[in-house]
Structures are given as structure tokens and as C-alpha cells.
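Got a structure here, written out as C-alpha cells. Questions coming.
So that you can tell them apart, the chains are marked A, B, C, D, E, F, G and H in the order they are listed, and the count of residues begins at 1 in each.
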Amino acid sequence: MRTELKQLLQAVQNQTLSVEEALLKLKLTPYADLDFARVDLHRQIRQGVPEVIYGAGKTAWQIAEIIRVMRDHGQERILVTRLTEETAAAVAKTCPLRYDPVSRLGILGDFPSPDGIGTIVVATGGTSDIPVAEEAAVTAESFGNSVLRLYDVGVAGLHRLLSHLEEIMTASVIIAIAGMEGALPSVIGGLADCPVIAVPTSVGYGASFQGLSALLAMLNSCASGVSVVNIDNGFGAGFLASRINHMEAKK
Amino acid sequence: MRTELKQLLQAVQNQTLSVEEALLKLKLTPYADLDFARVDLHRQIRQGVPEVIYGAGKTAWQIAEIIRVMRDHGQERILVTRLTEETAAAVAKTCPLRYDPVSRLGILGDFPSPDGIGTIVVATGGTSDIPVAEEAAVTAESFGNSVLRLYDVGVAGLHRLLSHLEEIMTASVIIAIAGMEGALPSVIGGLADCPVIAVPTSVGYGASFQGLSALLAMLNSCASGVSVVNIDNGFGAGFLASRINHMEAKK
Amino acid sequence: MRTELKQLLQAVQNQTLSVEEALLKLKLTPYADLDFARVDLHRQIRQGVPEVIYGAGKTAWQIAEIIRVMRDHGQERILVTRLTEETAAAVAKTCPLRYDPVSRLGILGDFPSPDGIGTIVVATGGTSDIPVAEEAAVTAESFGNSVLRLYDVGVAGLHRLLSHLEEIMTASVIIAIAGMEGALPSVIGGLADCPVIAVPTSVGYGASFQGLSALLAMLNSCASGVSVVNIDNGFGAGFLASRINHMEAKK
Amino acid sequence: MRTELKQLLQAVQNQTLSVEEALLKLKLTPYADLDFARVDLHRQIRQGVPEVIYGAGKTAWQIAEIIRVMRDHGQERILVTRLTEETAAAVAKTCPLRYDPVSRLGILGDFPSPDGIGTIVVATGGTSDIPVAEEAAVTAESFGNSVLRLYDVGVAGLHRLLSHLEEIMTASVIIAIAGMEGALPSVIGGLADCPVIAVPTSVGYGASFQGLSALLAMLNSCASGVSVVNIDNGFGAGFLASRINHMEAKK
Amino acid sequence: MRTELKQLLQAVQNQTLSVEEALLKLKLTPYADLDFARVDLHRQIRQGVPEVIYGAGKTAWQIAEIIRVMRDHGQERILVTRLTEETAAAVAKTCPLRYDPVSRLGILGDFPSPDGIGTIVVATGGTSDIPVAEEAAVTAESFGNSVLRLYDVGVAGLHRLLSHLEEIMTASVIIAIAGMEGALPSVIGGLADCPVIAVPTSVGYGASFQGLSALLAMLNSCASGVSVVNIDNGFGAGFLASRINHMEAKK
Amino acid sequence: MRTELKQLLQAVQNQTLSVEEALLKLKLTPYADLDFARVDLHRQIRQGVPEVIYGAGKTAWQIAEIIRVMRDHGQERILVTRLTEETAAAVAKTCPLRYDPVSRLGILGDFPSPDGIGTIVVATGGTSDIPVAEEAAVTAESFGNSVLRLYDVGVAGLHRLLSHLEEIMTASVIIAIAGMEGALPSVIGGLADCPVIAVPTSVGYGASFQGLSALLAMLNSCASGVSVVNIDNGFGAGFLASRINHMEAKK
Amino acid sequence: MRTELKQLLQAVQNQTLSVEEALLKLKLTPYADLDFARVDLHRQIRQGVPEVIYGAGKTAWQIAEIIRVMRDHGQERILVTRLTEETAAAVAKTCPLRYDPVSRLGILGDFPSPDGIGTIVVATGGTSDIPVAEEAAVTAESFGNSVLRLYDVGVAGLHRLLSHLEEIMTASVIIAIAGMEGALPSVIGGLADCPVIAVPTSVGYGASFQGLSALLAMLNSCASGVSVVNIDNGFGAGFLASRINHMEAKK
Amino acid sequence: MRTELKQLLQAVQNQTLSVEEALLKLKLTPYADLDFARVDLHRQIRQGVPEVIYGAGKTAWQIAEIIRVMRDHGQERILVTRLTEETAAAVAKTCPLRYDPVSRLGILGDFPSPDGIGTIVVATGGTSDIPVAEEAAVTAESFGNSVLRLYDVGVAGLHRLLSHLEEIMTASVIIAIAGMEGALPSVIGGLADCPVIAVPTSVGYGASFQGLSALLAMLNSCASGVSVVNIDNGFGAGFLASRINHMEAKK
């Protein structure tokens, strides 16, 4: 951004750009204004990744419009999260959207080849956590990561987890997903030497309070190297894991 | 109680007891009324254990009075819980009370020899949980149990716990005590085949919310055979463990 | 486990087992990996009881698959909890599953004869708590316990409870189930001399907050010998009661 | 009020009162404005009882001033609630205030003879609830009620309560005070046929959450005829009990 | 109860009753055991009012059975609360049940003539609170009270309330019902000189948290003489109001 | 009000009005009593704006009746909030109600020309917040304000907001609407020099707890000049913004 | 800001400013960087008011340093909020700070003459709310407003409030401050036709939960025109009231 | 671990190790058992970093002992967190502990030279967040990271943050620390393209609920790439940031 500004100022100084034009340029919004949404078209430049459409609370028409604008601006890979089957079907009439019913993701374009530092392990405490895990795994794959799934390795049957010690100890990033008591990230965090992203899920009943129990447990993890995202936020975990797995020298 | 009632009625029938006397006997309160407290003197008969004095919120004078009445009625072993050092010192002027500053227990009389089914294991996640653990351990000992302490075996360093697999797998009852994420009971519950009593502690900060985090985690344990007592309730866990460890045939 | 390990090491020493084979055996997962679930096949050995399938959040196909694997490994008695009528019907097409609509349990195989220390009493505060109570009672029966049901004996009509004093005072374990104010375990805990497992239910409205009120009350019970499981967790209470009712000498 | 207004209007009509004077009268505030407090001097007329001074958060000087104004207006019986020992001592220098350290009440004037419908029973679950109970009991006595104290009759030792069945069944109003699981009002409510005022106390620890547990339990009481006041609000319970105990025909 | 016991003992002494028979009589439960419910048949004697059936969570068949038993024992007036229209229709096939869709009450038998001390005022803050108010009003009427309804007199339009000052100041008991900020009981409590029963409702949205906001406000009312029942508990308020309105001398 | 009272008293003094008539007038309620609702007809006089009908929890018939009474009293502009499509259709059969499905507002009459101090800016963090924003915007327009909509300008894409700096810095009042982390009002509050009304929305999932997260964030805003209304309360924000935008000299 | 930017660009175009200098200027932070604080020196320009120092959590030395920098930049009127007496005394050694122990405000410089639209009324429910009220009142005065204090006019004694109807109905802005049930803003909001800023206070005990009760009540106010600031945030209310009271035409 | 196990098994096979010795070795705990603590001596090997001592809830003697054992095992760099000044002084008598009163860290040994991928930026919303920030910064430095501090750049004065855009956009990892509304991580997360670790602090009052407000806001951040640690957990953030900043290829 500093660079752009400098160029702009030099253009003004060189008088190849009038003050009025410069002012105009500075106010040019780097997004497409759809009235109901401002589609961020600079994010790719600013942050290196495409915009992801948060599907919840948007109509099929709104989503289709946002996709249309993105594709008009050359965006080929697009992810839509938290998409219902009905909305996906309606959107798919306007563009080649693929829908994954488990992760509830809508996908446009092919995934890039994995080019991260290592493998991202996605582990769940139980079978019911799989939808959240798939949201994380497919998100990570869509950003160019190799993903290894370890499902149903909850701490109440420790041998299930320990038989995968090697995968855990060689992972680049681990996404540990669990509902109920949310203990998985603590146990994994004590075994692994990589960043662990904990995802509480709303799986459970009674005193799980829709994931609050797992959330609090994960925030209080006595294992170091663990951080937490929102309840059921598979996308957020997959996105962050990808970012960590693509760390580059910035000295 | 049924027996006592039957004997009473038979005595009335046999006319060895008048109606008035029977009525009086029935109304005789099986406790000593101290105005500020009703000391339960029948609990030993009714439930097989001495009354325990909950020390919090009572003055030294009140505690001393309750002890005096109990001893007058032949009670030799008395436990006072949640006793401050100051109150203990004041009470100790009126009776041979011993005070344990770690567990905050006041004790009168000698402990019985262990006569339970097996060994009660008291495990903690960390060093800071020791006061609660000692309250549990000493309580269990005072009721005639053999206790094995396994302190600081939290799940973030699993090898510390796993190196005690044998003690865990041969325990009669396990008291699993932890603050923060409260994951210890889930892991132990998955390894052991005996009842596990989970005690959340108020150890932690921030989102531990004074033990709420550990409490919720423990209630949501996906390991079977785990039940939970109140936050920091070492006494309750020790008492219940003793009761389980003294199960007898009741077919 | 220690024994198995010792035998393994001796086999290596005796050169009846190569290092590679030993390593392989040690890594052999004692569960069947179904991709979406890791079915624990050693639990019977490790903890003396069959695995129970938590039905909530699993599809009929997933449950049927898990049952198939278990039966392939010789498991005859299987319990499926929190099963909807629809899912049960679908699963029943693949195996001889019986469904109990009150407790929402799916059952395979016959129940063993009761062989516990004594009788487990299952008491409820009201009629609406019966589904949770039946989950507890049938679970306990499926593990070989004699169960006595005392339903609708809430504390607001104390004579209903007191007329069963004898059953309460001779029980081996009591499961006390209540919603709303959750006072039943405290009253029973003061009368009985056996372990009391308190189960809060989500029965109630307004300030019951889906069972939170009963849960907190039970955790704060001033009766000793009471511990608590999750809201509506009839299975957990039945399982733990059975474990306590099958205590054996482990000195 | 209606009467006063009618008289005022008639006086205007009779021209014994000018419009300006009437207007003035109507605006005459029926309280003494102390700048920091508006002392209600009409409450005796409007509601039949003297104003009570809520002592918390007021300085000794403020309390003394309010008392001075009240006494200037002929108020003889004054109650100050939630008074610390220090503040009471300071206030006592300016007026003949008596201080009761258990209930933390400051009192001026003699109590009236009991003239209510019957006896108000004040029952507590434990010894630690006594300060709240005394606040209720002394408040009720100060408003002309006969009070019977039944302390430490918690539900975990039911015989303590049942031995007072007669007092409970003949009471006019019962104030049931308990911390922890707050079960006392439910049990009493099931036995008594009079209004029961439940007072949760902050007695307890851990999951009692400073009285929240008892509060929720009492609000969910399945016994009819029970209503609840704020945590530790002995004054409110005593005041309301007196009002109920002084019900008169109002057809 | 004492009297019955005395007579029993005298009969034993007189040998007109054997010990076995006495024992049997003492154990005779004063309720009808329907397996799923214990219908209290002594409550009329013990507390002067008929049992009320809590309809939520009960099947039509269960309710019909309970009604059948009650009517078999001579109960003529029966109230069923929280009844859905469907269940009511099913029950009505087995007995002459009338259903009131606003209050969701099912009613058997005629209401007694009002014989209370005075009039019970039922006031609501808004129109949406009317279902709860009707539950309170009809309950009170069914127990023999004269009821005056003041609906939609919320504090944000004070003149609506003040124009009914006379009714408020002459009421025997007032039931003040409000959702949202729950301020009505405080304002009424400051105007009236009778007991005020506050009923929070779940009317509102957002930070009303299903009635929590109104509940907390009412518990904190700075007006004396106010007590609170559970959220939406119109029945409880009507029952208690009737009890207060039927106070008799019990010196 | 004082003026009316003075005129009334003068009329009594002048004997052009009898005491009884005066009394009657004073008691004449300035609202129409519809039994289920008290329609405030003086609010226009008292507060300068028409009554708004809160549609939630009211039947179509009730709403139609209230509208009828209002129109009978000359009210031309009427707003009905939180109206479902079905209810709106039913009401529209009885009067010329227009329905806006996005804001869920029902509208009668034309909107006045904008006559406020300046422009009200309505900004949202995301697309999903638009229904709440439209409720605010249309409400403000219905009270005579010029409204500028800035939708989807959330803080995670700051340039979207900053490109509207001029509108923000010249607004008369800003309504900042956001769910999830609720940061928009803080950022806007730091940029603007006008009152900012923050509206938390229930948009989000997991730890947003139906808007609690945004609500707490907004209450804790470290930007000065920000105040908060209830979750999803677009109407309240629009109403208050209009009131502020119509401030007039009142020295 | 736009203007400054335009001038800058023109200077570059005119070559009176080099690109490097322009770049430097654009990066010049409009605040003084004190390492531990960035003192905002442009706020006066940007928002028309001086920066206010939030005193809590800052050392006396830090506050003194911030004041020193502000004064060095010509700031004459400075407000320090939430200042303890000790810290104030220490700061006062370095500058002419005046300290008001009731509002806990530290003040430098004289207050401007009131130049707002009208009078700001600051009303409290009780005496204990006065510290928060004074923080609001003095803050408003320091920003050039005329303030009228109405203390202890809580809704439980409505006549105290109604006798000030005239002040309420002629106010420009009203700050309504209350703890406990927090009903004052609703009642005032129904009477007034100006913006009402509600301030919940932590005054109360038990179920007031440190102001949560009042906060929720105020957020749910059914009176329109009410918005809420944080618990005990007298400063925020005074600041916002001043901003509203200084509204000017911005068409 | 796998390697060690293989070597062990080979040694048994080679008969250079007896079965008994192997068994013993396998049970050799890789930690020093201090009775009250099990000091993890393998963590350096297992996870590449020294053990850190959590100082809260440990006595000076316990901490000194743990340090002694660590140093005996060759550990030179040791960090003690949450250390009070008193405890630090006591510990410092037994070893060359340096104490930093702002971060409350105790430190032994020199810090390694920074060898991470890039710079870790530690940003805070306000001055009061500095202690948490210093805990994070010093922790990161102690693990060999270059740290840049940006304190008091809260979102309510956006220009303070924007003037550091370059540092933010070139950071390797950012730790964003804020109390109150906790908006800083969302704004930074929208600007940066590196992982952002959000740390809520307990700074604030009223509805900040000791950091809950900031915690919830951060969990709900609509900026991608943000994860959250416990309230006030500066150490956890610093540790995780270091781990991310030391990512290496693990394909």
C-alpha cells in the first residue's frame, strides 16, 4: 500500500496525474459495491487469498450475484461456507458450483497442489464432529495443503490416539476438534511440537451448552501451543492452519 | 428405623410402654439442639459414619460447642472441614483438635485401620490442586481407607499419567482432581475399570471462571463411569469414595 | 496391559517374535477403523463391558456398520443410546435390534442375569423424568443388575418418598433423577447409606434453563455421598451404578 | 389519595382555597428532600408501615441525617438494614440506635406487640444461614409479628425438620431460608398449607455461585404456594411475611 | 398427623389393632400408585386444595388416567396446566374436560363462589403477557377468588396504570406480570399496600433472554412486599394469591 | 400537563365545572381500552410521535383492532413492527397496510418530508445484518429523516469503511449495526463526532450466543459517544436517532 | 482530513513539497508516543473535544506524563476518570489537578460556560447511585452543559419522580441512573420526549449480579428513545449527553 | 519415541537387555518426581523447548525445588510465570532468578539470539493491557524471537494503528491484546496476512465481566486467520507465536 501511495504521489509530482485525479483514485473503493454487499476484490493482493463467501443469512440470489462479480474480476477459486443444500442447488443454476453436503461447503474451481511446509492433521474426538472437521479439511485443501484425517480418536479411548503418535508428532499444524469435554487439544498439545488449533463443537447435550463446555475447556488448556477458534468454526481453523503452513521467511 | 418402630409398637402392645411415653419417644429428636445448630447424633446409626462439621461460616465458639456435644455423646472421631488456621487455633483450646493446614481439615481422634475393598487413588492434574486432593485423601483415610496419591499427572504431559497405568488399572476407586480444562477424569475414565469421582477445582484464571470450565468439562466426560462433585469439594469426593470402597453385599 | 507387554517382550527375547513383528503388534490398533469411527474392540477386555454406541449425530448407516463390525468380532450384547424411532427402524433392517421408545435405547442380545451386590433403586421426582429414568434402568439391567423403579416421588409430596423408606435404606446404589429444583438427591442422600448418583433432567420451564437449575442444586447437595452426571444422562448413571454394584475386593 | 384530591377540589370550589394554593399543595412533595435522599414521609399513610433505611452504600452521616428528618416528622420506629458495625457506631452517636451484629440491623424505638393472624416460622437449612434468618425474624418482629425460629433443619437430615411438623403445619407464614441446593422451601412447601417465602442465601462454594444455585432451585420449586425474594434478602422476606400475616378483609 | 398417630398407638395399646396391622396402616400410601405417577389423594386434607395436574411432558393417556383415579376418589374440581390443544382434545374424550386455549388450562367441575378476603388484581405490562395472566386469573378463580384484570398497563405509559390507582390500592393481592424489563411489580409495589406476586414472562427478544431479564429485575425490586415466581408461572402466582387471599386467624 | 390541571382547577373555582365532573375528567383515561390493549392516544401530544404497534405476540385481529381505534382517533401514520408476512396479509384485509418483508414493518400512511438536523447514517458490518438495518432506516424515514445506508462495511475490511469517511464524519447521527464481534460502533465512534447508536444483531453462531457477544462488545466500547439498544432492535435505534436528529433549543 | 490531504497533494504538485516529505508527513502520527501510551492530540480537531484520560490501571507517573504532554500541546481542560484518592494526590504534585472524591474525577482547567441546547437532567433511583451520577454530571458540566440533579427518585416511590414531571418534560437530554431492577429509564422514557441515556449501576446485592440485572432491564426497556451505556459508566453517559445537547444543523 | 522403543526391543532381542530391565526402563518416568510436582525433563527433547513453571498457586519453596531439579538436569533457561514480587524475592535467595515486575515473569539464564522466520508484533488496545503484553513479549524473546511492541493502538483511535500499517503488514506473527470490546484482533486480522493470536484481557469494568466481553468478541472475529487464547494469557500467546515463528519444512 505504501508503494502504491508513493507511486501516486510521484505521479502527481511528475504532473502525469492531476490533484483531482489523485484524489479520485485514492477514493476509488477496492471492492465491488453490490448494495447489499461490498465484495472485497483486493484481498487476494492484500492478503494473498481469495475472498470466501459466508453463506449463512444470505439468499441464493445474493450469493449468486457475489460469485458473478468475483468471476467477472477473474476470481476462479471461490469457497462458500455454511451453505444449505437448497441454497446450493439454487446457486448452482447460475454457475458451476460443486456442493459437499458433509462440510456444507460450496466450491468453484480446482484446488491448487499442496505447497505448504508439511501436512495438516485434522483430528476429531468423535464421529459426530466430522462435519466440522470436513469444513476444516476441505478449506485447507482448497488453499493448497496436504491434509491427514484422524477421526474418532477421543481421549476416553487413548489407545486410538496413541496409535497415531507418529502422525501427530510429525504434523506441521494440527486441528483438534471436539465437543463435550473438549479434552482432545490438551492431550494432543502435550504430545505435539507444532501449533495446535482447537475447534470446540456443539456436539453434546445437557451441560455441554451447545459447545460452551468444550470452548471453555480448550481456552483453559494447560498444554502450551494451543489456540482456539469459535464453536463449529471449521473454516476458520482450516484457513489459519493453511496460513501457518505457508509461513515464509520475513526477517 | 422400621425395626425401632416395630419394637416401639410391640412395647406399647405389651403395655411395657404407655401411649404417652411412646409418643414422647417418637418425638424425641435424634439430635442435640444447640439453638444455632442441630447436631445429628443418629447419623452414625443411620448411615454408619460420624457427622462431619462444615467449618465455613461457623464461629470458633459454635464449632467448639458442636464438638463438645458430640464428644459428650461418645463421638471420638470428628472431622471439621474448611477450617481456617485462626479458627482451628481457637477451637484447639477447648479440645485436642489437630489441624492440617494443606487440607484445612481439623481432626479429632485416631483414624481406623483401612478396611475397604481396595485402594483409593487420588490423582491431580497439577501442583495447585493439592489442597483439594489432600482434603479428599485425608477424609478417605479418616473413614478407614488406604489411599495412594498421584499428584501433578495432568493430561498435557501424558507420560506422567501413563507411567502409573498399573496403579490406575488396579484401583478400587479413583478421585480425579483438576482445574483449568478438567480433562484428567476423561482420560483416567477411559483407562480404568472402577468408579471415577471427578472433582473440578477453582485452579486457573480467566475463562476458567473459578472452576466452571473444569466442572462443565467433567460433566460432559465421554468416558463412562465418571461422576462429578462440586468445585473444590475434596471432602465430598473422599466421603463418596470411602462409601463405594466399603460396598457390601445387600442382595 | 502390563502382562501383554511382558509376554511380548519375552517373545522377542525368546526370538519367537522378530522386532519388526513386535513393533507391528504394538501398533496394531485394538479397534476397527471404519473411517468415520474407531470401534473399540478391547474395551470388554480393558474395562469388562461392551462398547456402547452413542446414537445421537450418527446416521443409521453409520450405526449399522458399527454394529456389524462389533458382531463380526463376537460382541453379542450391544446398546445404542439416544436413538430416534426412525433411525432405529432403519438399523433394525440390518440386524435384530430391539427398540424401546421410552428410553430411546436400541438393544441387541439378551440381558445377563443380575449378579451385582444388591438392588439399584431408580427414583424420579416426577412423571416427566421417566424417559431418563428408563434409560438408566434399562442400561443397568443390560449390565446385569436388579433394578427397582420408584417413579414420581418428588420432595413436594414427601410421604410418597417416605413410604418407600425401606427400599431406599436397603438399596445398593440409588439413582435419583429430577428436573426443576433437583432436590430429590439431597433428601435421598440424607436417608440412604449407599452411593447416590444424581441425574438432573431438562424437565421444567423458565428458570430451569433446560436443567441447569437441577444440575446446580445437585452439585451443591449438602448430603454426603452424592455425585452428579450430565443433564438427562440416564445411560451414564446406569453404567456407573452397575460398576459400583459390581465392586469386588481389590486389596 | 382519591379522598385527598376530592377534598382539595371541594376546597377550591368552596373558594376556601385559591387555585394557586391548590396547585402548590398538589406539588408539595410528600417527602423530605435531603439532596442526597428523598425521605418518604407518606409511606406510613400510603402503605401502613414506616420507611426502612437501606444502609448499604450510605455514609454514617447520610443515615444519621435521614433518621434525624424521620424523627423530626414523628417517626419513632425506624429500621436500618445492612449496617456495618462501624457505621452503626457512628450513627449511634447521634441517636439512640441499637445494633444487632448478627442481622446487621440498626433499630430505633420499641417493637409493637404481635397482632398478626398467627405465627411466622423462620426456618434455615444450616447454621451459616442464621444472619439472613435473623434479618428476617427481627424485621418481622419489628412490624408486630410473633416469630418462631427453626434453625439448621436442612433436608439432608430430614428428621430434624419432621420433628417440627406441628410448627410447620400450624404456621401462618413460613420463611424458608437456605443456601447451596436450596431445597428447604420445596420440602416445607409440600408439608405446609400457608404461604412460603423462599430466601436463597449466598452460603456455599463452587457451583453455588454466590446463591445462584439456591435461587434457581427455589424458583423451580414444584411445591405450590412458594415465592422467592432476592439472595440474602432477609429483610424483604420478613416485610412480606408481616404483610401477609396482617391481611384483613378487603371485599 | 400427630392425632392420627396417637389414635393408632391407642388402638394398638387397646389391642383393637395388632402390631402388624398398625405397621401396615403406617405404610399405607395416601396416594394412588399409577406406576408412572403417584396421585396425591391426601393433599385436599393436608393442604386444603385439590391436586393440580402439571400437563407438560405427560401423554394424553397418562393425564386421562390420573383424572380417572381422582374422580374415582371423589375429586370434582380438577385443573390441568400447560395443556396443548391436541392433548386436551384427546383427554376430553374420556371425561368432561373444558379447555381454555389462552391460558392453556384444562378444567373439570364448576368453580366455587369467591370467598376470599378481597379481590385479586391481575395486571400485565403488555398484550403479549395475557396468556400467562389468564393462567393466573383462571387458577385463582378456580380456587374461589374474585379476580380483576388490568391488562397492558406497562410502566412506559404510566397514565394507563395510574388511572387504576384505586383498584391497585384496594386490592387484596396483586399479581404483576411483565416481560422485557419487568418493571411493573416495582411500580405497583410502591403504590400498593398488599402482597405483590411478580411473574416474569418470556415475552421479549434479544437481551430478554427468554425472561431472564424480567426475572432478575423482579428479584431486585426495591419495592418491599414483592416476591417472585418462575418465568411464565401464571399457575403458581394464582395459587399463591389464592392462599394469601384465604388467610385465616391461626394464633 | 400542569397547564391542563391549572385550567381544570380554574374551571372548578369558576364553578363552570362541578367537583364530580372534575374528578371524572381527571380519571378519564387518555387511551382507548380494548380489553387486551390500552391504546395510547395521547402519546402524540405527550411525546410528539404516533404510537407504534409492537407486532410480535399479537394476533392479526388484535393488531387490526388497534389500528382501527387509532385511525378512528385520526392517526394517519402508523408503524407495526416485527410483523410476519402471514399476519400482515391478514391485517391488510382490514386497512391499507403496506408490508416490507425485509424490515418486517407494516406501514400505514405516507412518510413526512425529512426535517431533521442532518442525515442519519445506517451502517452494517455485514449483509446478514440488513433486516435489522432496514427496520432502523425505514423507522427513521417514517419519522421524517433523511437516511444514508452503508451496508457491509465491517471492520475486517477496513478500506470499505474508510472509503466512506466523509459520510461518517458529516452524519448527524450514526446507527452502527453488527453481529459477531460487534466492533463496528467502536471504530465508527472513534472517527465520528456525532452520537453513535450501536445495535447488536443475533447474526453469528457458536460463541456469538445469539447476539450476546456483540452486545457486550458494544457496551464496552472504548469510543466515547456510543450507546447501545437491545439485540436486533432496529426500531429502537431508528426511533432514538430520529429524536436526536430533531433536537431543538430547550434552554 | 480530506482537506488536509488535498492541500498536501497540491503542495506536491506545486513542488513546494517533495514526495519524500509528503510521505513523511502522511506518516507523522497525530499523537504523542509515550511508549506506554499514544496521546491523541488531534481528537480536539477530529471530534471537537479534548482527550479524556481513563485513570484505571494507570500509574500516577503514567497519568502525570500524559497530562504533561497534553499541556505541552496546549490542552488546558483535562479530565481524568476513575482516579483513586492516592493516585490523584500523587498526580497533583506535578500539576494543578483538582480531585472530586465522589465522582472520582480529576480535573484540570476551568469549565466552559453552558452553551448546549437545553438542560441535561441527571436522575438516580437511589442514594447509592450518586457517585455514578456525579461522574456523569461533572463530565457534562466540563463539556459546557447546564445540569439539573434529581437524586433518589426511584420508581418504588413514584410520587418522588412525579413531583419533578416538569423538569423531566422540559429536559434536553436525561441521564437515568439506577441499580437493582433498573426500572427508572423505562418510567422516565415513557414520560419524556427527549433522548434518555440509561446507566445501570452495580448498586445492589444477590441477583443484581454487579449490575447485570439493571443492565438487562434497561436494554429491554419498552419505552422508546432509551439507549444504554456500560454499568457504572457515568462518564460515557455525560459525554454522550453533551454531544446530543450540542447537536447543530448538518444538512 | 518410536525410535527409542525400537532400540529397546532390539536390545532385548540381542539379549543385551533382559526382559526385566526392559520393563523397568519402559516404566522409568521421564520426569523428576518431587512428590508435589512431576518435573518434565523430556519436554526439551519431546517438544524442543524447556519446561515453564506456572508460578500461581505454588509456594516459593516448591518453585525453588523445581528450579533446583531442572538445573541439576542441565536446564539453563527457565521461565516462571505469574510470580508475585514476594515469591520471586524468596526464590531468588536460592538461585540467580531475575524478576520483571511488569510481566510478573521470573527468568533464569540468558535469552537466545532471535532465529525465527520474522518479527513478532505485540500490539495492545490500551495502556492497561501492557502487563499482559509484556508477558507475551518477554516469553517470545526468551524463546529466540525478535519482538516489536505497539502499545495503546486501540480501534477507537484508528490513526494510531494505521500509522503502523507497515509493521503490521510485514509481521511474521501478530499478538493482538485488548480488553473491553476486544476489537483490535478483528481490525488487525483484516489488515495483516500473517497468523494473529488474540489475547483478551480482564481490563475494563461492568459488562466487560473480567474479560468475557473481549473473549467473546475475539472468538467471533469475522477476520480470518485469528485464533484466541485464555483471558490474560500473555505467556500462551508468546509461546505459540514463537512456535509459529519457528515453523520449518516438514513435508
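Quick note on the criterion: contacts are C-beta pairs under 8 Å (C-beta built on N, C-alpha and C of every residue); 3 or more make two chains touch, one makes a residue touch a chain.
Not measured: the values here are computed from a predicted model.
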Neighbouring chains shared between subunit F and subunit H, ordered by label: A, G
Repeated interface matching G-H, over half of the contact pairs identical, chosen among B-C, F-H or D-G: D-G
Whole-Å separation of chain centres (CA-atom averages), subunit B against subunit F: 58
Centroid spacing, where centroids are CA-atom means, of subunit E and subunit G in whole angstrom: 49
Subunit A and subunit C, separation of their C-alpha mean positions in angstrom: 38
Distance from subunit E to subunit A - Cα centre to Cα centre, in angstrom: 54
Shared interface positions of subunit A, touching two or more other chains: 54, 126, 157, 191, 206-208, 212, 215, 219-220, 222, 224, 230-231
Touching pairs - complete list by chain label: A-B, A-C, A-F, A-G, A-H, B-C, B-D, B-E, B-H, C-D, C-E, C-H, D-E, D-F, D-G, E-F, E-G, F-G, F-H, G-H
Complex interface listing, subunit B residues touching subunit C: 1-2, 46-49, 52, 54, 117-119, 165-166, 169-172, 191-195, 197, 215, 219-220, 222, 224-231, 235-237, 239-240, 243-245, 247-251
Complex contacts: residues of subunit G adjacent to subunit A: 5-6, 9-10, 12-13, 15, 18-19, 22-23, 26
Complex contact set, residues of subunit D against subunit G: 27, 29-31, 35-38, 40, 42-43, 54, 56-58, 62, 82, 200, 202, 210-212, 215, 230-233
Subunit A-touching residues of subunit B, taken from the complex the two chains share: 125-126, 154-158, 179-183, 186-187, 189-191, 204, 206-209, 212-214, 216-224
Partner subunit H, residues of subunit B touching it in the complex: 126-128, 130, 151-153, 157, 159-160, 163, 203, 205-208
